[in-house]
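Below, chain A partners chain B and then partners chain C, in two separate complexes.
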Partner chain A sequence: MKYKLSLFLPLFIFVILVGFLLKGLFSDPRQRDSAVVGKSFPEFQLPDLMNEEKVHSLQTLRGEKVLLNVWGTWCITCKYELPFLTKIKTEYGVKVVGIYYDQNHAPEFGQFANIPQIQVEVKQLLAQLGDPYQFHILDLDRTLSLDLGVTGAPETFLMDSNGVIKAHHMGDVNERVWRDKLAPIWNEMQ
Partner chain B sequence: MIPELGNFALYIAFGFSLLLSILPFIGLRKSNMGLMQTAPNLAVGLFVFTLFAFLCLVFAFVTDDFTVLNVAQNSNSALPVQYKFAASFGSHEGSFLLWLLMQSGWACAVAVWSKSLPTTMRTRVLMVIGWICVGFYAYIITVSNPFDRTLPFFPVDGADLNPLLQDIGMIIHPPLLYMGYVGMSICFSFAIAALLSGDLDSTWAKWSRPWTAVAWGFLTLGITIGSWWAYSELGWGGWWFWDPVENASLMPWLVATALLHSLAVAEKRNAFKSWTVFLAIASFSLSLLGTFLVRSGVIVSVHAFATDPARGVFILVLLAIVIGGSLLLYSLKAGLIKSVGKFSIFSRESSLWLNNVFLVAATIIVLLGTLLPLVHKEIGLGTISIGEPFFNQMFTYLIVPFALLIGIAPHIRWKQDKPNKFVATPLIICLASVALSYLWLVVEFGEVKGLAWLSTSLFWWIILFTAVELVKTTQKVRLTKLPLSHFAMVLGHVGLAFVIAGVGLTSQYSTERDVKMFVGGSESFSGFDFKFVKLQDVKGPNYDGWAAQIDITQQGQEVSTLLAEKRFYPVQRNTMTEAAIDATFFRDIYISLGEQLPDKGWALRLHLKPYVRWFWFGGIVVAFAGALIVADKRYRQQKSSVRVRSSAAAEIV
Partner chain C sequence: MMKSISILIVILASLVSVKSYGFDEMVTFDNPKQEAEYRELIKELRCPKCQNQNIADSNAIVAKDMRAKALLLLQEGKSKQQVVDYMINRYGQFAHYRPPVNIATIMLWAIPVGFILMCIILLWRRSRLSTQVDNATDTAGLNSELDNLLDEVSDLQNAETTRNNP
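Our next item is the complex of A and B:
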């Protein structure tokens, strides 16, 4: 019997397609690659949450590898990751810096964040659940968050001593995420 | 007790499908007439037990049996009874049972209405359907059982049906669409049976053509109604989204349309035979692929069911066996098929060949647009998104030559024709179409937009050509003597013309405005005056809400009074917008009620959508063409049963 090779073409294409579908089945279609990984951390000049006189900038962050955590007291998931972040701080000596993201601040609509109240809430919450943070950068107008491509809280960035972003994680950092995704990058980092 | 009976019936049905796939096979092998004869009986049994299982599930839903997990998750005691019925196929498990009901129903129909077929062919077709069924029934009883219990701790009340699905569309759209999807398995089975037997003359095309036409008619209607439902329910006035799941239904439709045309060539002219077999395999394969895409969570879509990788793997394996197996069989056997019908380059055959090229090109575009993001990501190139602009642009390119072809092709003779006959008439019709549509747009809208002009010109081109064709034909044959399949062609083409004009006009001339209105206030928009008369409370069976009464007038003349609603469904804590629509054949006024603003005003969105109805009207006309093909005398005699015609026609209408 003679076979026509061209008749096998649909089968061939289908087999390749099945391969992709199988692979796609085990990956999350909602996962988006971060656009900031591999780029240097954006320049900023922002006050400290606890002491508005004090100003943080990229220069004060550089020189040491650091984990930056975007969070707010309004964010439920952030509360869940506080104990774990505290744990990696004490156990592995990870330097954790908070980027405080306030939800209500909207000057164009006449709504202003109540900083003293936030400070009280933050202190209470951290006393309760553990305090991993060295300090908090107050990103009231969300300019830094915008530059970082933050879509919600919590989000976590790993920055090396040269100020290059090495990882961007959306959602909470927990045992599994740290072990599988962030720790390998952290340990490689300078 | 009743759910257990249903569960039991499903197991019995699975047993029937096993027997249906084995006994006829042995019968064919050993030329044992008795074993072959079991096939139709087994198919009927399969249907009876599946129907019983389905009714048990419906019973569980209607009687609020929250000890059944499926009921507890998708229904609620306050849900109106018609939506309790719809909820029985609103979940993944339930919808799959509906799928099986359709599948066994088709098998039963083949068993009942194919008595005139040679016994071996009939047995083979039913056996192939049995093979497909084994996979599906195994799936439902192992990983997707709709009768799973919540015992011993069952909830007092259910989690309710998603409010989006609480609409008349949910009751009719899924069954119609599934009839179409699953109906593709029949022409698929005919093709596989023909490949297995090696009898690939034109008879299999003749046999499978009416089945394909019915399935295609259902699919057309299902897609059309789905589009109308999205338009009236989602509240933003869109009628086609190029969502992966819509694409999944469009792909088998495009291929089935190509198949219908190429079946005609295979049957009448003995050409395109191997290609037709391929299309038959492809149309069902794409139906299955669509199911996989919706149910596996591989692709982000608005339609996605709750996803579970175990199910995804199961369906993918099923897909690989059914599609892979049939494509392998095709590649091994199709080489033996000889197409004897010869035709020259300018002939009806080549125009139908072009038709197939366009339809398959469109399918490939949709397939690429749907799957490329997945492939792109999996080979590590990052995430991309392919959206409306890509599809719209590609389809605009394709529809122009396609529509031009639709006009001319029915005038071209089989085998060979003279191109120089086709100069004067097309030229006149071309000029007439362009002029008529220009006039139309200027008079009605006051401005001529390019794409709208193009689409209306194509509309007139098809309409005028079809009219000329009908006049010419009736000079030779009396109108009453004309076969119904000829009218099917006319209706199919005219329906598509309406779709093209509707899409062009509504996409180019639709206007919308966001307004803030107070009770008692007025706004004017596109020549209509809208008065916000009052806001009333609405108390539904399972929701509360407000309705804004809007009186619409045009130059003092009363046009309509509409109630635009905002509903709150407490069980799922969902707020829904029920758009208010004043529809005529030539335009829709579409109002959706937004949020109440801090100053007590209400945000409203007003749409004016000219000719949007033409899209669905065209779709229904096209679907009706499917019914006419089945009603054609040739197939009726062959079936020696008038029941086929009446029941099929009734189902389609």
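Our next item is the complex of A and C:
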């Protein structure tokens, strides 16, 4: 009996190995757990994209659950999610706030973002593809983005009314992502 | 021909040095200790946007921002470990090239070592088993058995010859 069992050992090891490699084959190497989910949304003091005199902070954001979308007009994928974000705003009443992520602004290299030009581009794009945003937080130095663990655009966060981050999604929000990943969390959120 | 090759080598060699010192002049340090810590940090911290690059090697925006933030934190008097923790708190353990010791990382070392040990034990037990069989062989008994067989054969042969030549 012992002899028969050891006969199947190579097959057993082979099956485990195949299972392990198959899992690796179909997994997305860019997907990883976020470090900020469950934590409080970071403190910030940043201007509005359209009106630089208006300052947004965590205090003004708290009190209502909100979907925060990190985006920029330079980002191709962001354009694809604009219509869908507009849809969930109108159909489910989701409050969407933009965090404008500019990739050109680097004062230490003598590069400065052209804000009036960005404002024009944003208005044109949103008129064309749909405007889900209540307002945009202008994160020119990408400090808020760094605190949020943002690696690029688009990325999406769900924050509850107490200011706790409940979800972090990298990549575009589409029908499938919303239904499978974000909507269940959104509906549970206070 | 030789001359053009040597010119090519000089050009290629100069390109390498330009690349590796490209951004250094942009960064200024308060003291040599800070510089050493900064250099260690940018080698140890991993670009979260890239598949396998440290933030020193990557030109992704997030890597640039992480380099700038690492320097800022060092200038604020934070220790190297505090900077590493700052990044891990935001980008997860992925952002550091020295993973913590936990069950998942121990398995990476334990499984191959365990497998090799298991093979060695199996081989050792098998070889011990075969020597035991050798020792157990009763040579005296076998010899007598063989003698008996030989006797039988010769008896048979004798019987046949007597039958053929009566």
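Observations on the model:
In this section, the second predicted complex is superposed on the first by the 160 of 190 C-alpha atoms of A that agree within 3 Å, B and C clash if a C-alpha of one lies under 4 Å from a C-alpha of the other, contacts with A are read in each partner's own complex, and residues count from 1 in each chain.
Following the convention adopted for this analysis, a residue touches a chain if its C-beta (ideal position, glycine included) is under 8 Å from a C-beta of that chain, and two chains touch if they have at least 3 such contacts.
Computed from a predicted model, the values in this text were never measured in an experiment.
Judged by the number of chain A residues each one touches, B leads among chain B and chain C.
Applying the stated contact rule after C-alpha superposition, one finds that A:I76 touches neither chain B nor chain C. By the document's definition of touching, neither partner reaches A:V120: not chain B, not chain C.
Once the two complexes are overlaid on the shared chain, A:G152 sits against chain C while remaining clear of chain B. By the touch criterion defined above, A:E108 lies against chain C but remains apart from chain B after alignment on the C-alpha atoms of chain A.
Contacts of chain A with chain B, set against its contacts with chain C after fitting on chain A, overlap at residues 29-30, 32-33. Residues 1-4, 7-8, 10-11, 14-15, 17-18, 20-27, 29-33 of chain A are the ones touching chain B in the complex. Across the interface of their complex, chain A is touched by residues 274, 278, 282, 285, 292, 296-300, 309, 312-313, 316, 319-320, 323-324, 327-328, 330-332, 334-336, 371, 374-375, 377-378, 382-383 of chain B. Those residues of chain C that touch chain A in the shared complex are 26, 48-49, 51, 60-62, 64-66, 68-69, 88-94. Across the complex, chain C is touched by residues 29-30, 32-36, 103, 106, 108-109, 142, 145-152 of chain A.
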